[in-house]
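One chain, chain A, links the two complexes that follow: it is found with chain B in the first and with chain C in the second.
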Partner chain A sequence: MSDQKKAPIRFSSLDGLFKGRQGVLFSIFLLFILFLGVFPFLPFASGFWLNTLTLILLLAAMSIGWNFIGGYTGYAAFGNVAFFGIGAYGTGLSMIRLGLSFFPALLIGAVAAMVFAILIGLPILRLKGHYFAIATVAIATALGEIADSWTSFTGGAAGITLPFFDPIEWSGQFFYYMAYLLAIGGLLLTWFILNRKMGYSWVAIREDEDAANMMGINTTWSKVMAFALSALMAGLAGGIYAYWKTFVLAEEVFKIEYTLQMILAAVLGGTGTIFGPFIGAFIYYILITLLVFFLPVGQLHATILGAIIILVMVFTPKGLMDFISGRKKLSINALLENIRTYRV
Partner chain B sequence: MLKITDLNVAYGEVQVLWDVNMEIHESEVVALIGANGAGKSTLLYTISGLLKPKSGSIQFMGKEIAGLSADEVLRLGVGQVPQGRHLFAGMTVKENIMMGAYLRKDKKAVKEDFEFVLDLFPRMAERLNQPAGSLSGGEQQMCAVARGLMAAPKLLMVDELSLGLAPLVVENIYNAVEKVIQRGMTVLIVEQDVFLALEQADRAYVLDVGHIVMSGPADELMENPKIKEAYLGI
Partner chain C sequence: METLQLTQGVVNAILLSGTLTLVAIGFSIVWGILNIINLAHGAFLMVGAYITYWLFTLYGVDPFLSLPISMLTMFVVGYMVQRYLINLVIRAPLLVTFLLTFALEIIIINLATFFWKGDLRSVTPDYAGLGFTIGDVQIPYVRLAAFVISLVLTGLLHVFMTYTKTGNAIRATGMDIDAARLQGVRIPQTYALTYALGTALAAGAGTLISISFPIDPTMGGAYTLRAFVICVLGGLGSIPGVILGALLFSFIEVFSGIWAPSLKDAIALLVLVLVLIFRPSGIAGKAFYH
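Up next is the complex of A and B:
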C-alpha cells in the first residue's frame, strides 16, 4: 500500500480543538453557530431568511443522520427519505387522529421511524454494497406508494392537513429554533458517539467488517444502531417539517430527491466528519441558489449542479473539509492525487 | 483446552473440512500445517465463529463453541491474528491496537498490555499516530499481532504470519511470538512455512485437502520422511 493512502480518521477529542488552524476554524464555526442562534432577533431576519435557514438546518440535521450510516459505517443508504416520511406521517396522524399536541406527536413519529429502521435494518444490513443501496431505495419507494394509496389511513392523494402553530405570528421563529436545535443536537450526538465504543465500531465496520467481527464487535447491532439513529434524525426532521408546512402528502414527503440532498450535503462537506454534513448543507443551498439566480433559463441549473457534483466526487471524494481544515493544500497536485487514491 | 471432534465444514455444497479431530492443551504451542487450499484458514474461521460448521463439535474449556458468534467466542478467550492482517487502514496504529481490546473493561490491565505490546514491537511505538494503511508490510503484520494480543486471549491463533514478508522481518515477528509463548500463552500457529512452524511448536497437525493426515510431536514430524519430501523439500 502506498504512503498516506488514507488520511487518519480524526476522532474528536477536546484537546487541541482551539489550537492552530484547526482551532481557528473551530472558533469560526462556533461563532457561526452562535450567530445562527441569535439570528431571528437580528433586524434583517426577514421571513424569507428564516424560511431558507429553517430548510437548510433541517437538511443539515438529516445529513448529519445519514452520515452515521453512510459516512461512518460506510453503508450506502439511499432511502433515508423513508424515515423523513414516516416522521412526517407519524407526527401528522398522531396530531389529527389521536388529537395529541405537537411534541408527543413528534416523539411518536420519530420513534416510529426508528422502530421501522430497526425492523428493516435487521434483514437488509446483511446485504453489502449495491444490494444494500438498492434495497433501501426500494423500501423508500414502496413506502411512498403505500402512503399514497392507503386512503383510509393516510388520506391518500388528498394528504392530511395539520392545525396551525399557535400563536401564528411566532410560527417562523418556532420552526427555525426546532430545526436549529435538531441540527445542533445532531452535532453533539455525533461527537458523543465518536468518543464511545459505538463510534469506533462504526468506523471499524467501514474499514474492514470481517476484522471488526474478529475484534468482538457485534456488527449487526452496531449497524442497526447507526441506521436507527440516522432514522431518528430524519424522523424528527420529518415531524417538524410536517407541522411547519401543516400538510403531509406522500409524493412530497417521500421524494427521493430528499435522500439525494442528504447525501450530497454530506459528500460536499465531507462524509465521516463531524461538521462536514452541517457545512455541506449550507454549501449545497448556496450552490443551488446561485445557480438558479444566475441561470434562470429552464433546467440548466440542474445540469450545472450535476456537473459540479461530478467534479467534487472526482477531485475531492472526501469532501471540501479536507481543504477547509488544511488537512490537504488546495492545489492541482492534491486534486490529481485524490483521483489516484480513490479510484476504484 | 480446545477439543475439536468430527468437524465437517462446507461452503454451500463444497465440503472443505472432513471429520477433523484436534486437541490443544493449556500452555501448548500447536502448529497446523498444510499446503495452499488445505483448509487451514477455514478451520480457524470455524473455531473463531466466523463460519458455522456443518456438523461436529468444538469445545473450548469444556464449553461448546461451535455455532456461537464471533464476539461470543472472543469473549470466552479465543483470539486470532487473521491471514492478510485485516487492519483498519484509515485508523491510526494506536487505534488499531486498541481495537483489539474492544471487549475488555479492565482499563488498568489494558494499559499494561498496551505497554507490553509496545515493548514487543518498538517500531509500533514510533508510529502510533500514523494511519495503519501507511505502514510497510512487516509493520502491518506487527500491528496485527499487537492488536490480536490486546484481546488478552487464552488461546491465540495466528494465521500465516510469514506471508509475503522478508525472512528478516519474519524472524523479528516470530521472536515476538516466542516471547508471548514464554509468558505461557496457548498458541495455534497456522503456517505454510512448515519449517518455521515446526520450530516453534510442541506438536503439529498436518492438514491435506480437508483431512488431518498426520499429527504428533513437532520434532518427530520434522524428521518424518514424508514431511521432509512433501513440505520441506529435502
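Up next is the complex of A and C:
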C-alpha cells in the first residue's frame, strides 16, 4: 500500500504518551488490556466468553504478525495461514510422534514456521505486488494439499488427535492466557522493533524500496525478518490452537479464510499501526457477530464476510480507528473520500 | 512409461490446452489492461458452467448452444460489477482490489453452494461418451469441439482487440490511461467492457468445462490459480503468450497427474513459484498491453 500516506510511527517514545486526546485513548486501551488480564476471574466469565475471547486474541496475535510484513513492510502477504498450519502441525506432531510436552512442542512448531518463512522468503520476497501476493497464496495452498495427502506423516484426511490439557477444568483459562500473552507479546514486540533500525527499515521499504536500498538498508534481510516474525506469531497461534482444539486437520488449519481474517482485522484497525490489528480483531468479531445475529442467514456466513470486506474496501480501507478515536467525524463525506480518490 | 500412455498424455494435454487458453485469456486481459488480479475469475467461470447445466437439465438445451447464453449473461454481470463496484476503487493500492475481488469470489461461491448445494453435477448430452480413435489414442468429440471453440474464441478476441476501434481503445487504455482519455476514450466504460469481456470468456470456458468434467460450486478457485500460472508462464498480456503458457501448463498438469495424482495442484503451484523466481517475465518475454 505504498502510495497511501500513513501516519508516522506513533507512540514511538514514552514522552507524551499520556498527554492530550491520544493520552486518553492510550489510557483506555491500557485499562482494556488490564480488564482482559483479569477477565477469567470475573464472576460473569463463562466458558462461552472465554472461548470467544481466546479466538479473538489468537486472531489479534496473527493479525499483529501479518502487520509486520503487510502493514509496515508493505508486502501483501496472502498466505500467512501457511505458518499457522505449520505451527499447528509442528506442535501436534512433536507431541504425539516425539512425546514432547506442550511447551517444547510449541517451540518446535514456531521455529519450523520461522525457518520455512526464511527459506521461502529469500526467493519470493524478491517479487513485487501481485506476483508476491499470488506466490504466497500458491505456497499456502500447495502446503495444505501436501499436508492433506501425506498420510503417513500428517495423518492425512483423518487428521491427528492431541492429548487433552491436564487438568482439564483449567483448560479454558490456560488457553485464554496463552492467547492473551501471545497477543500482548506481539504488541510489545511491535513496539520494540519500531524503535529500532529494523522498524525504520520496514517503513522505508514500504515507502520506497529502491531508495531504502540506496540508503544502505539491507532490504533483503529486513524483509525476510518481517516475514519470519509474522510467521513466528502465526506459528505460535497455530500451536496453541492445535492443543486447544486437540485436533489438527489440513483442511481446517490451512483454510484461506484465516489469512483473510488476519488481513481484515489489520485493515479494520489500521495497517501499519501498533494497536490497529489488536483492536481490529475485536472490531471484526463484533461486526461479524452483530451481522450474523441480526440477519438470520445460517449458511450464508461467508457471504456476510465477503460483504464486510467489500464495504470496508470501498468505504474505509484505512480502517475504523480514526472514527472510533474521534480524529475524524463519521459522515457521508468521510465515507466517500476513498471513492473520490481512487475511482475512474 | 508405455508409449500408448505417453501419446495419450500428449493428446490429452493438447486438448486441455485449448480450454485452459480460454480460461486464462480473460484473466490475462483484465490483468493486463486494468492491472488487477481478478480473483473472482474462477467464480464467474463456475457460474457459466452452472448456466449451461441448468439450461440442459431443466430445458434440455444443448450445452454447445448454451455457450452464447452463458457468455452474454456473464458479460452483463461483469460489466455491472466493474462499472458500479470495482471502478470505485480501481486506482487504490493492490491490497484493496485484491481483497475486493477475493470477497466477490467468496460471495459467489457461497451463494452458489447455498442455492445449488455442493454436489458434483455433470452435463450429459447423448453424445458425451462418444469419440474416435487414431491408433490406440482416444479422442472424445466433446473435448475436440471444446478445443476448437476455444481457439476460435481466442482468435475472435485477437481480431477484436487488433482491428476494431473499441478493441484499440481497450489496448490504448492499458498502455497509457491519460493519453487514452485525451484521445476521447471513456475510461469507466472501457474498463467495464474489458472486465465484461474477461467474465464472458470465463463463462464460456465454464460452459466448455462443464461438458467434459463434473462441476461443483468450488471448482473455480483452481481455475483462477491455473489462469494466473498460465499468464506468468506465457508473459503477461500477450495472446500468443497465453496460448504457449496454456500448452506448457497442460503438459505439466497432465503428466504430473499421471505420475503423482494427489499432488497435481501442488506441483502446478510449485512450477508457478519456480517460474516467478527464475523468470518473472514469463517464457515468452515481455508484455505488449503495457
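We take it that the second predicted complex is superposed on the first by the 300 of 344 C-alpha atoms of A that agree within 3 Å, B and C clash if a C-alpha of one lies under 4 Å from a C-alpha of the other, contacts with A are read in each partner's own complex, and residues count from 1 in each chain.
One rule holds for everything that comes next: contacts are C-beta pairs under 8 Å (C-beta built on N, C-alpha and C of every residue); 3 or more make two chains touch, one makes a residue touch a chain.
Just so you know, these numbers come straight off a predicted model, no measurement behind them.
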(message) Taking the superposition on A as described, I'd like to know which of chain B and chain C A:N218 touches: first, second, both or neither.
(response) first
(message) Tell me which partner touches more residues of chain A in the superposed arrangement, chain B or chain C.
(response) C
(message) I'd like to know which partner A:L30 touches here: chain B for first, chain C for second, both or neither.
(response) neither
(request) With the two complexes superposed on chain A, say which partner A:Y200 touches: chain B (first), chain C (second), both, or neither. (result) first
(request) Could you say whether A:I286 touches chain B, chain C, both of them, or neither, answering first, second, both or neither? (result) neither
(message) Just to be sure I read the superposition right, which of the two partners does A:D208 touch: chain B = first, chain C = second, or both, or neither?
(response) first
(request) Under the contact definition given at the top, report the residues of chain A touching chain B in one complex and chain C in the other. (result) 1, 3-4
(message) With touch defined as at the start, can you tell me which chain A residues reach chain C in the complex?
(response) 1-4, 70, 76, 78, 120, 123-124, 126-127, 129-131, 133-135, 137-139, 141-142, 145-146, 149, 260, 263-264, 267, 299-303, 305-307, 309-310, 313-314, 317, 338-339, 341-344
(message) Residue numbers of chain C touching chain A in their complex, please.
(response) 31, 37, 85, 87-100, 102-107, 109-111, 113-114, 177, 187-188, 191, 225, 228-229, 232, 262-263, 265-266, 269-270, 272-273, 276-277, 280
(message) Please output the residues of chain B touching chain A within their complex, sorted ascending.
(response) 48, 50, 69-71, 74-75, 80, 82, 86-92, 95, 99-100, 102-103, 129-131, 133-134, 147, 151
(message) Show me the residue ranges of chain A that touch chain B in the complex, using the header's touch definition.
(response) 1, 3-9, 11, 197, 200-201, 203-204, 206-208, 210-218
